[in-house]
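Okay, handing you the structure first.
The first chain written gets the first letter, and so on, giving A, B, C and D; residue counts start at 1 in each chain.
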Amino acid sequence: MSEEKLIFEKSSPGRRASTFPELDVPLTPWDQILPKSARRASALDLPEVSEQDLVRHYTRLSQRNIGIDTQIYPLGSCTMKYNPKVNEDIAGRDGFRNIHPYQPDETAQGALEVLWQMERWLGEVSGMDAISLQPTAGAQGELTALLVAKAYHDSKGRRPRKVLVPDSSHGTNPASASYCGYEVETVKSKADGTVDLDDLKARITPDVACLMMTNPNTVGIFEKDIATIASWLHAVDAQLYYDGANLNAICGVARPGDMGCDMMHFNVHKTFSTPHGGGGPGAGPIGVKEHLRPFLPVPRVERRVDGSYFLDETAPQSIGRIRTFTGNFGILLRGLVYLKSFGSDGLAEISRGAVLNANYMLALLKGRFKAPYGDRCMHEFVLSVADKKRDKDVSATDFAKRLADFGYHAPTVYFPLIVAEAMMIEPVETESKETLDDLAALLMRIDDEDPAILHAAPVNTPVGRLDEVGAARNPVLRWMPTKP
Amino acid sequence: MPFEHPYLPQTENDRAAMLKTIGVAKLDDLFEPIPAAFRLAKPLDLPKHLTEMELRSEFQQLAGLNKSTGHLDNYLGAGAYEHYSPSLVKHLLLRSEFYTSYTPYQPEMTQGVLQSIFEYQSCICTLTGMDVSNASLYEGGHAMAEACLMARAKTGRNKVVLGAGVHPEYAQVLRTYTHNLETQIVQAKLAADGTTDLDDLKALVDDSCAAVVVANPGFFGCLEDGAAFATIAHAKGALLIACVEPVSLALLQSPGEFGADIACGEGQSLGLSLSYGGPYLGFLAAKMALVRQMPGRICGQTKDNRGQRAFVLTLQTREQHIRREKANSNICTNQTLMAIAATIHLGALGPQGLRDVAEQGVQKAHYLAAKLSGLKGVKLAFGAPWLNEFTLDLGVAAEPVLRRLRDKGILAGVPLSRFFKERDKQILVAVTETKSRAQLDVYATALKEALA
Amino acid sequence: MPFEHPYLPQTENDRAAMLKTIGVAKLDDLFEPIPAAFRLAKPLDLPKHLTEMELRSEFQQLAGLNKSTGHLDNYLGAGAYEHYSPSLVKHLLLRSEFYTSYTPYQPEMTQGVLQSIFEYQSCICTLTGMDVSNASLYEGGHAMAEACLMARAKTGRNKVVLGAGVHPEYAQVLRTYTHNLETQIVQAKLAADGTTDLDDLKALVDDSCAAVVVANPGFFGCLEDGAAFATIAHAKGALLIACVEPVSLALLQSPGEFGADIACGEGQSLGLSLSYGGPYLGFLAAKMALVRQMPGRICGQTKDNRGQRAFVLTLQTREQHIRREKANSNICTNQTLMAIAATIHLGALGPQGLRDVAEQGVQKAHYLAAKLSGLKGVKLAFGAPWLNEFTLDLGVAAEPVLRRLRDKGILAGVPLSRFFKERDKQILVAVTETKSRAQLDVYATALKEALA
Amino acid sequence: MSEEKLIFEKSSPGRRASTFPELDVPLTPWDQILPKSARRASALDLPEVSEQDLVRHYTRLSQRNIGIDTQIYPLGSCTMKYNPKVNEDIAGRDGFRNIHPYQPDETAQGALEVLWQMERWLGEVSGMDAISLQPTAGAQGELTALLVAKAYHDSKGRRPRKVLVPDSSHGTNPASASYCGYEVETVKSKADGTVDLDDLKARITPDVACLMMTNPNTVGIFEKDIATIASWLHAVDAQLYYDGANLNAICGVARPGDMGCDMMHFNVHKTFSTPHGGGGPGAGPIGVKEHLRPFLPVPRVERRVDGSYFLDETAPQSIGRIRTFTGNFGILLRGLVYLKSFGSDGLAEISRGAVLNANYMLALLKGRFKAPYGDRCMHEFVLSVADKKRDKDVSATDFAKRLADFGYHAPTVYFPLIVAEAMMIEPVETESKETLDDLAALLMRIDDEDPAILHAAPVNTPVGRLDEVGAARNPVLRWMPTKP
């Protein structure tokens, strides 16, 4: 496949990919509407192309991309599972797609019921007492929950200044914490991948607002001492935050709310199968225990005794609004469809499948690749190729690039930061045994290859390795029209 | 019989073989790391699973409880607008290589998304007159909050002054976001003509001020004097943030033209469906000097080892996955697919199409406004120039009138009492290219009757 | 201003440059080869062009004039059936590499369509128990006509005997197709139980007979004795053609099992939408000995010069583009996309899903039939076994009853008077997996009321 | 891209890509329904795969295919123009998609109006007096029209036995003629590509039922003597058939009905932009002059005085039914949407664009490739590489295969049969000048390449050249389960 020009480079003045009906009202003279000084004088350099050329351009661009629908996407921590087509169809229905966020509640009862039901489903799945569907993604969920915790502490007249995060935690955890003015303190991990309890205990003081934990953690190990940790935290009225990115490991099997967690976020775009869309959109609802409910953001979805639903903005202790309108409705809707497709009799099968697949994959690979955290894992696991880097100068990046030659997306590499040359594999429950066998065989085949092949990879992709340093050093961040 | 589900491929045979390879007797053994006390002993208190056929019918019923724009003539705006988006946009978004892919961490196999983002950034830059755009934020309110935080980081100052036209919900989001950052948020008064009282603004902007935010058009529909805002802001060393509506930029001076340092806003009007409020698209663009403060993904052009042009996520040392607590934002997942949708929509419209859409909205809105303000007791609330959205004063309490119009199949506008208790006679009316003259005439007649 | 259209890329500048390269002064000059007398002097007497927005609203209005299966409970069958097709089928059919491509003449770049056709052929073969399938024909009636012509070509004989259950429209198509081929078409009588009168059939089948056609289930819903047909046909050296409904093949003896030489039928029930009669899918399969007589495209497996398995259109010396007037058929464009749809649908269902669909239809039909035939004056018209479609005798003229049921939101069945004047009290009722028990109960109650 | 297994080869017993709700009516015992002897005993070897694997399989197969949306598809005679997305959306509406062909007319007035309008549009565009929308594709249209002609002759008590076709005609013409029992006689073409009038005149006798002409003909030249030819034919009451496959050249500019043609077919899937779908579906309506109207197939769409529409089956002289139900409705609908998108003010622009593009392309190429029929053409043209075959052993096939290496579909090759090493190029009006420039440049670049490269081509496609002889000699026409 040859280079694909930018859409701007296919532009020719006067071409149209769409036209509009003629104006059917009498023209109000423009001078009566818009002062000259307010009018745009600069060029509007948008593309001018025909409909066929536009369609062809983005069809071709799509062909220069891979997704779950083309091959397994074992990106650890990202839960790249099948995105059901029926969810797209349902979200595409006129009655869901073409409703305005400020419609009177009476004209949006179906949408409100979707939100109300989604809160109930998430509550039951997580064991949390109250849900807010407002946050747009996981990171915003973290931020919202931390603000909720802050409001809680405020309400008690306390001002703890610290948030603890394990060194294995996801970058958004410390970033969210500092975003709302907390000091971030990092807790060490032990050799087995779990939080170092001694280090943690030493750090728990009344100045701690919150500990953010992922469980299973980012190396795929369940933090079995979570209840103990919770009790330590609660002793100083610190909150235990559960990062729900790895909920796929325990969904339907165990609940954060039963483990002493006070608040959490869900990544609907991970656990509940909504498409990642090349980076987004997602939805990051949060769940909290009863004591935090008053502080949840507005609006809240409520049900009247007559069964009708309404949006409530009157929560005196609420942290306020975390986004405009009422959340990423279209994504939440898809998530609810997904949850209902499994139901009470099926939800556990999600995690059972995910954990089975991950352990199977680990069993296939552990003879060949170093698995720093042992033979078992939950829904994902981390390998280290530090030895291969040392012995034959083959890095995690090299494996990633070579996989691309065979049409496979790489595992997550170089995360978590505590593992050198990390490759983090999350095979998800929607992948068949055959697919796992193929990927494992391929990884071993690549391991057998001449390192020179890996260094040169990829060669079968539309582009080869990129000059990333150059990209950052001389940033070219937009197309510019060439001056005539 | 085992639980059969189309999303679960492993058969009983597969499971047995896999467990054997793993070396455990039964699947439940794999969950032993979870203390027994935490493992659910009884099924969740939820309904049983539904098949695809049942899902479709259950949600068809729920969808049927909503009155869509196809059922009610919709004049609601206030930050989300009904526009026509050409068929091709939805078709291209259904290319599963786009929507089932993750953030393009491995650029060699995700050039499609990367190039689309680069094109998106280019579109946003030309619309706003800025140098650099990121790859998207959550939505307009979030974009404005991040813009303010950029200014705060750049200037080291801690006060933000909002123009009177800033969307009340955006202002609320900003307050929530900055709650623990000891940032002072103040808003200038509204002048009688519906624009910001510039004297008041001037008084509020001082040396501690990181940013001034001008919303153009303002929440009530009126056009602000962007250049005056710029003068006031820059005189005190503050940055000017312009919160703008992208369709209007086909007609209006761009933020770059009137001297803004940062432009932000909601991109929903670029072809995204209303979807009860999301997923939408926060856009954020700035002058080059602010690129290091910019949050979120940014895509840059580079070359590959074969000498070809290629695209890659760049300047990542701003971001959480590299810098953790020192990152300039916590954003990770964004709204890329919506950015691609907007880009395709803009490609479908082109400059002329976008102008057509903007102009038709303006003309139809003015036609309607003239008709409505001709009714007894009804008048435009403000005198300043406006485009396709206006504040109408009904002279009487608005809610009952709106209800009567709703019964006639018209969502006549957003009642301003939703945001400002005292504005209970006013409604905000938005008109786009989707309305025909016949519909506008029906609206006018219906309002007359509803007021009678 | 020139005519602007999204499907026409050439701008005025492009045109000028192109005309210069061509060497003519103006575009109209290129039409000089058409005698001036033929060139239209005035515009066609048609409305002016519509933009996409206008097209959508005009056709939305037309669509609204139709009562779809979502608006009326539909029990119509008679060759076209309402089935549930999983969402993924439509999604995959919208892959534009499939639907915007032509017949795969260049196999190196069309392996996707070719392999899909090969998979389709394999599905049809397993369903029918035949050795070879073609890549699709227009629709069921066409498939039956071509099957008869295959038999005619193979045997050199010129008579076709139809079982009594052959769809009346299929029989008409066959008559039209063979009108100038001096082929004799005769049909056996219907026995009292709703199957073919085998004695009559036997009497009609003689040494001049090229083929006997058995429709199973027959038009009235009844199951035929395929093996008996085979014995009668083969005894006289005629071929047996089985015209079958593919969903039923999950339950029924396949044509191959009961000794048919050719199997054909309508593939619509394999996931294709009703679409007011088309596009549908004619399928045609046969024993290997008949492959040279088979009309239309056939895809075969081969190897490429790199040693890979690959697929290609094969045995093309049967076809019009090679053999012209000596071809065994004139078919060129066929229904490939529908064949791909059916293949994906079958993949989505699998053997168990197809059985589920078939069984649920049968069970629900029998449940309904029991209820209906319990009503006063109402009875099943025939006694032979049947599956999910049955002929109901209402005891009174059917049309007014059907009209009353329609007013209650039920399309209760196809009135047989449409095909046979004398059967004015009978209707053909089809029930599929899409109907719930509640719907069936509503039907029974409504019929009771309509008859009262 | 590596080989893609057959879907059957991904099958594993017990996997499901969909499930159905449980049966909700009491079970009638199977023995009461279905005699054992009638039940299926043989295996049903359909694939058993998960939903993700199924979606992935056909997504990948689609990626092993090209279409108009990926690149220009200059296949002569096939009119591969842009397939508008709005047409798909409209045809996908519930009110069109989910209606049964035997619904009472009162419940299908929208569908009937679509058909009625389509007849009117086609009639006006072609200058024909009556239209039948029944035929499913062009070839069936030919057959139907020939049967109509036959019925007409019958009605006059005449039994002419011959159909004349030019040697440049499409294969379906003679095939359709012999299909209904006619003797086919081939008329020669002259060096300029048009019908040899002398040869033709000599063949016109009272035994001629019909002459089938394509105009512009298959070499892209307008048969300017068509009126004369018509008068010769009419003198013996023979009918002039117009093969509408090339209507894209004259649509809105001139009308077959004004040129003396008595009957014709339309290829809706060519001229009117409906997708070809990898070989079909299409729609092949026919148009006839008044004297042939009584013989058109049933059903006919009619309008009552009150404006309501109905299907009429009562035409005593009709040839009868040519297919089940009422035509390829979904395709006809798309065609009508397309026609309306151009309207009376735009239809001529289709052909003007098509003819401009073809002549431009011819102008770019004629210096390098032999154009046997001169410098001008209508909407398509034929080149011959016979000289290149002779001089450097490079055939039309070689060009075709090498184009594939660059992602371009080949022109139609080896048709029409009267041109040696023919490459027939139809660039269609939806292609931009830049696309034509690129294709022309590529053809010349290929012509400059070492013949060895062309012989080895394609190398960049998922598969290389195929063993077509082997495929025909040892036909493998279906997958077979391997016996355990």
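Basically, contacts are C-beta pairs under 8 Å (C-beta built on N, C-alpha and C of every residue); 3 or more make two chains touch, one makes a residue touch a chain.
The structure displayed is predicted, hence computed values, not measured ones.
> Applying the touch definition from the top, give me the chains sitting in contact with each of subunit B and subunit D.
Chains touching both subunit B and subunit D: A, C.
> Select, from A-B and A-C, the pair of chains that is joined by more C-beta pairs in contact.
Contact tally favours A-B.
> Centre to centre, by mean C-alpha position, how many angstrom separate subunit B and subunit C?
Comparing mean C-alpha positions, subunit C is 47 Å from subunit B.
> Take the average of all CA coordinates in subunit C, do the same for subunit D, and state the distance between these two points in whole angstrom.
Centres of subunit C and subunit D (C-alpha means) sit 19 Å apart.
> Could you put a whole-Å number on the gap between the CA centroids of subunit A and subunit C?
46
> What are the residues of subunit C that contact at least two other chains?
5, 7-9, 14, 50-53, 56, 84, 86-88, 90-91, 94, 96
> For subunit A, what residues touch not just one other chain but two or more?
In subunit A, the residues touching two or more other chains are 12, 15-20, 49-53, 55, 59, 63, 68-70, 82, 84-86, 88-89, 407, 430-432.
> Provide the residue numbers of subunit B that touch subunit D in the complex, in ascending order.
Per the touch definition, subunit B meets subunit D at residues 4-9, 11-14, 50-54, 86-88, 90-91, 96.
> Considering only the defined contacts, which subunit A positions touch subunit D in the complex?
Subunit A residues touching subunit D: 1-2, 10, 12, 15, 49-53, 55-56, 59-60, 63, 68-71, 82, 84-85, 406-407, 430-432, 434-435.
> Going by the contact rule at the top, pick out the subunit D residues touching subunit B in the complex.
Interface residues on the subunit D side: 12-21, 49-53, 55, 59, 84-86, 88-89.
> Could you please specify the touching residues of subunit C with respect to subunit B in the complex?
Its residues touching subunit B are 52-53, 56, 84, 86-87, 91, 94, 96, 434.
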